[in-house]
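First the structure, then my questions, so here it is.
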Amino acid sequence: MVTTDNTLGVAVIGAGYWGPNLARNFRSSDDWELRAVCDLDLDRARRVAGDGVTVTSSLEEVLARPDIDAVAIATPARTHQAIALPALEAGKHVVVEKPLADSLANATQMVTIARDRGLVLMADHTYCYTPAVLKIRELIADGSLGDILFVDSVRINLGLIQPDVDVFWDLAPHDLSILDFILPGGLRPSGVAAHGADPLGAGRPCVGYLTLPFGDGALAHVHVNWLSPTKIRQMVIGGTRRTLVWDDLNPQQPLSVYDRGVDLAGQSSTAADRRDSTISYRLGDTWAPALPHREALGQMATEFAACIREGRSSRTDGESGLRVLSVLEAAARSLRTDGALTGMEPAPVPVPPIATRKVTAA
Amino acid sequence: MVTTDNTLGVAVIGAGYWGPNLARNFRSSDDWELRAVCDLDLDRARRVAGDGVTVTSSLEEVLARPDIDAVAIATPARTHQAIALPALEAGKHVVVEKPLADSLANATQMVTIARDRGLVLMADHTYCYTPAVLKIRELIADGSLGDILFVDSVRINLGLIQPDVDVFWDLAPHDLSILDFILPGGLRPSGVAAHGADPLGAGRPCVGYLTLPFGDGALAHVHVNWLSPTKIRQMVIGGTRRTLVWDDLNPQQPLSVYDRGVDLAGQSSTAADRRDSTISYRLGDTWAPALPHREALGQMATEFAACIREGRSSRTDGESGLRVLSVLEAAARSLRTDGALTGMEPAPVPVPPIATRKVTAA
Amino acid sequence: MVTTDNTLGVAVIGAGYWGPNLARNFRSSDDWELRAVCDLDLDRARRVAGDGVTVTSSLEEVLARPDIDAVAIATPARTHQAIALPALEAGKHVVVEKPLADSLANATQMVTIARDRGLVLMADHTYCYTPAVLKIRELIADGSLGDILFVDSVRINLGLIQPDVDVFWDLAPHDLSILDFILPGGLRPSGVAAHGADPLGAGRPCVGYLTLPFGDGALAHVHVNWLSPTKIRQMVIGGTRRTLVWDDLNPQQPLSVYDRGVDLAGQSSTAADRRDSTISYRLGDTWAPALPHREALGQMATEFAACIREGRSSRTDGESGLRVLSVLEAAARSLRTDGALTGMEPAPVPVPPIATRKVTAA
Amino acid sequence: MVTTDNTLGVAVIGAGYWGPNLARNFRSSDDWELRAVCDLDLDRARRVAGDGVTVTSSLEEVLARPDIDAVAIATPARTHQAIALPALEAGKHVVVEKPLADSLANATQMVTIARDRGLVLMADHTYCYTPAVLKIRELIADGSLGDILFVDSVRINLGLIQPDVDVFWDLAPHDLSILDFILPGGLRPSGVAAHGADPLGAGRPCVGYLTLPFGDGALAHVHVNWLSPTKIRQMVIGGTRRTLVWDDLNPQQPLSVYDRGVDLAGQSSTAADRRDSTISYRLGDTWAPALPHREALGQMATEFAACIREGRSSRTDGESGLRVLSVLEAAARSLRTDGALTGMEPAPVPVPPIATRKVTAA
């Protein structure tokens, strides 16, 4: 399916909220040619399409075209699998808006068929292509932070209460896909505890907390909230060497790397010795790396094309989407048992070889 | 034991970290005369005492003096009960640095004997006497916020790892005593879930999260952390009418009251109707009340004197200390069961009549 | 020239930096139909134009069309007069990107001919149509701030060093047009002192300060700077009743109204009395009004149409543009005399009747 | 007058606002023994003095004592000279609260007699001994910032309107003494322009701006203001290599060093070439150095002792005080001429050899 010339043909399925962004980025990409926009509402498809782009309400028509190498799915999550499966069966590469599907089972089908056919299946975890997250991944990968001790992520806002998903499924995919992207081992907690509240009686949790212990003593925690009058998007990543704070709403200094922390060193023979002698505190400088100004979705489109051409997995591949869904489903189980720590289901498909997980960011 | 003239005599027990602050505030209070400072280390007691104040290492000597109406205990928590019991038995009123004791059982003994003897036993929950917390209590009590939907409290810093207590016992008493003070019903969650991490191997949790569901669907959550390079002390209190954000580190605008939020109104017959018709969003003004500049500990000393003179319970009485300890002990039980939601032990002593809980702030 | 149906025809002249924004807003306005885009570079004109819009490099062609009621000029300032004059002579209403022209003399010609022909000439002082500035104008007009005592405006950034204008002409038109818009008497200082620095040897001031005394003892001051690594856009407006701070880079709380200040009251017979008895300080609450989310340029387009239909002056009319240019020219004279306070040239055209200056914002 | 043992004796003259701070720091210093506190109000002198310290209202008594090596003057500025002269004549070293005196003439007398007698005369420019300012001086001295291009200092607050001085004399000595301390050549502007406003009719400027051109094209600017509802204390120091922002009210990141800026490089033969080819922009990282926690006044006391023992000038010596007063007097002259740029009076005493100006901070 790798085309012989440089340009790949793509169709965008769904012209609602996210589709126009996808269309605009594919259109301005050197790697891609936008060839079709597909939506049941032809008017809004037309507004998105631009000159020379086919507008259609027929998925079959799109999938039948040989000049379309890939489809980008930007429809509601509950329809992802029903669109992705025929697309993959028609030999198209697929990128899907987050979350990958509405259930782990549906997503697993998508991953399996993509693997069987040798096609690229990619999750559009857009945040992972922002300059800030690419830099965080780099700083963890090169050891600047040391071993990760804890992650605390807050994503709160006065948000629209969604009709069909709770605050975990609406907002936490962002935090979880970022964790999957930056942590050296990916998002593989030993369990999940979820606490939610629906104090307004909206029918689903509007305030939520996720606790994710990792096997090595590290802990990740996520706070998502639709009811907060102030907007906070902040992630603290504590490491043995340094600690990073990402404030996504501070355009002037989004990343701060603190050479501050607690050191526990040495091997003491007694607890009392240990207590007295081995705790020390570093109070060093702070460093805020400059970040390039680049649109994340453009980077995502570039990566999608590169994966197709090089026959490799994406940094945010289908397995990554499965790991995110595994946590969301475990969180749902935890919610049903008063927040008890819930084990992860066995990973339904083998994980990719580690070689495909190396940093390939520009 | 109420003195006939206006001034009450007090002794400060413990001249370490907090004792000097207590001594200074009692000395500058019109209600009090500081008459003794007691510490095994006579040198540091002397530095705290000032002219004309007895310095001693003998608790017995202090308790034997008829001109000492009350003692203020500022020793480590594990010694609170052993000092408070003889003081109460000697007929002294007692104020105790937080937490009230090192266990619910020990604290219960203190509360019981104080009640039996008709003495004031007060927890020095200092934060409750700050202008910010007094204002928050007032805004909740007068209905400005409406019913409380959620509270999210964050208290993180690069903190000293304590040798004998974990981050919950070190920091969360602040958050819990504030919740007890401001919530109309006091701190009476239906259960506690606690998650902690000790990623450095310090021997006790250094990162901690508390989840406190309330019976009415409301949820309180507390994040305490010794390993954060940035200092955050922020509490978001969401109500049906307004939401308040308290940023304790913003001296220019510590309290912001947002007339923003989500309204669910009306009675719809079907879920679909409900979804469509009854959610609305308010995006109103923000208001930041001016606060007086007053030292909290001075207010606490005034309240202590007033309680003794009026024979009434304090706003932060022994029962309040018990409620805080109940949550801390439930949190410890939850930690031992992987964060499972743990019920509260039955309250060990009857709660005070509601009349004593009304706002009496100046 | 007022059309009989509801829609007015407009041509955008200049498709560079600002033209596309004008085109987009005219296109989405109910009041307007975008009928032509004119630029010597036909390619970039084409990208801006959209379906059914004439693309041309001929100003004459545009001005000859009877279905074009108005032109919007978004070319470099040095060309404004040469385009506006024939447009006005052809009977078109004109809106011009700031500054109105490259000199007071050129702008005066434009204002004179527009008046003679009874056409609307409007300066596109875009900031004046933002929700924040409209609110500030309202708060001053309704007396919420009292009499204005001082204004301090800071607009600094790491900015592009312009090839043909200094930092005053590049940035200060924003501050000056806002002052003209919000001050009850408009921008009518008694003089101007300007201090500039070109420490890099760029050939023109890159750091600048304007001091504008007003006849009543009030003072406005503007700091513009291309060399600052941090971006600040803040205006403090001190009044006898309240003081307002506008932080244009704080999306969550752009406007703060402080009920804080100094009061000098009473009539004392001696200076000593006055000093002792009549100064008092208010330390009241802070209030942050909610602002609607509306694009300024859309509001400007609406106002332009309304002025044409109602045959009235705009809130940011040609005279307003002249007042801004008068200050810029006085500043240039002051710079040439080491920052000496420079009087204003006599206003070259009579000021409009006060009736046209009332607040008409929604 | 250098004592043979290690400890120097000091008397504090004036027990009002600043005297207690001086007394406390001398008392806790290893270099000093506080031997007397002198104030006409013996009660407040007594509260400041502490055990074993003489309390007196007689300056003569203090100056007659051989065990008093130095006096620290913390009285109103109008009395500095009348106290300092007899103290110097009695052979005492002298440190004086800012400003050094109430006029350049008076201060010059003080400097002259101190030099003639070989005594240390030091200005208590306290800010210069803060960790932040010491670090700024170091970063300028070691070339980290490059050549200084501009300094913009803002010090605004809702301040007490002083009965006898205007906002320039009250607040600007801070900014000016800091500039004198950090600039390689000290505070030697080629002139001063001052603009002030008294919009309330308080009898003296309450809002003030100082513009200080330096001979090399650099410009310093100071904004002082008693009427601002928000407190800002910020200094931006732009250099050819880096730019530093000091936010004195941000305890978590007071200093930020930006590797951002504009570069004008190369030698172009024509203006057009220059314009096009030689402007480039750096958008590098930000760095926030960690600062030690040390009280400035303690550092000042240490420096005062070291100067006496080593027979050298202080970093904030009498000449520094003269330079600050020269600018304040030039500002007053400028105010009387509508803000015209006013030349500096010839420096009344020779400047110290450059060797004494090197950084000696720890």
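Just so it is clear, A, B, C and D label the chains in written order, and each chain counts residues from 1 on its own.
In this section, a contact is a pair of C-beta atoms (placed from the backbone, for glycine too) under 8 Å apart; a residue touches a chain by one contact, two chains touch by 3 or more.
Keep in mind that what you see is a predicted model, and the values were worked out from it rather than measured.
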- Query: Looking at B-D and B-C, which pair shares more C-beta contacts?
  - Reply: B-C
- Message: From the mean C-alpha coordinate of subunit A to that of subunit B, what's the distance rounded to whole Å?
- Response: 40
- Centre-to-centre distance between subunit D and subunit B (centres being mean Cα positions), rounded to whole Å: 44
- Give, as an integer number of Å, the spacing between the C-alpha centres of subunit C and subunit B. 53
- Item | Sites on subunit A at which at least two other chains make contact | 230, 256, 260, 283, 286
- Query: Touch graph across the chains, line, ring, star, complete or other?
  - Reply: complete
- Which of the residues in subunit B come into contact with subunit D in the complex? 230-231, 252
- Task: Flag every residue of subunit A that touches subunit B in the complex, lowest number first.
- Result: 149-150, 152, 156, 158, 161, 163, 191, 193, 195-203, 206-207, 209, 211, 213, 216-219, 221, 223, 225-230, 236, 238, 240, 243, 245, 256, 258, 260-262, 264, 271, 274-275, 279, 281, 283, 286, 338-341
- Message: For the complex, give me every residue of subunit D touching subunit A.
- Response: 253, 256, 259-260, 283-290
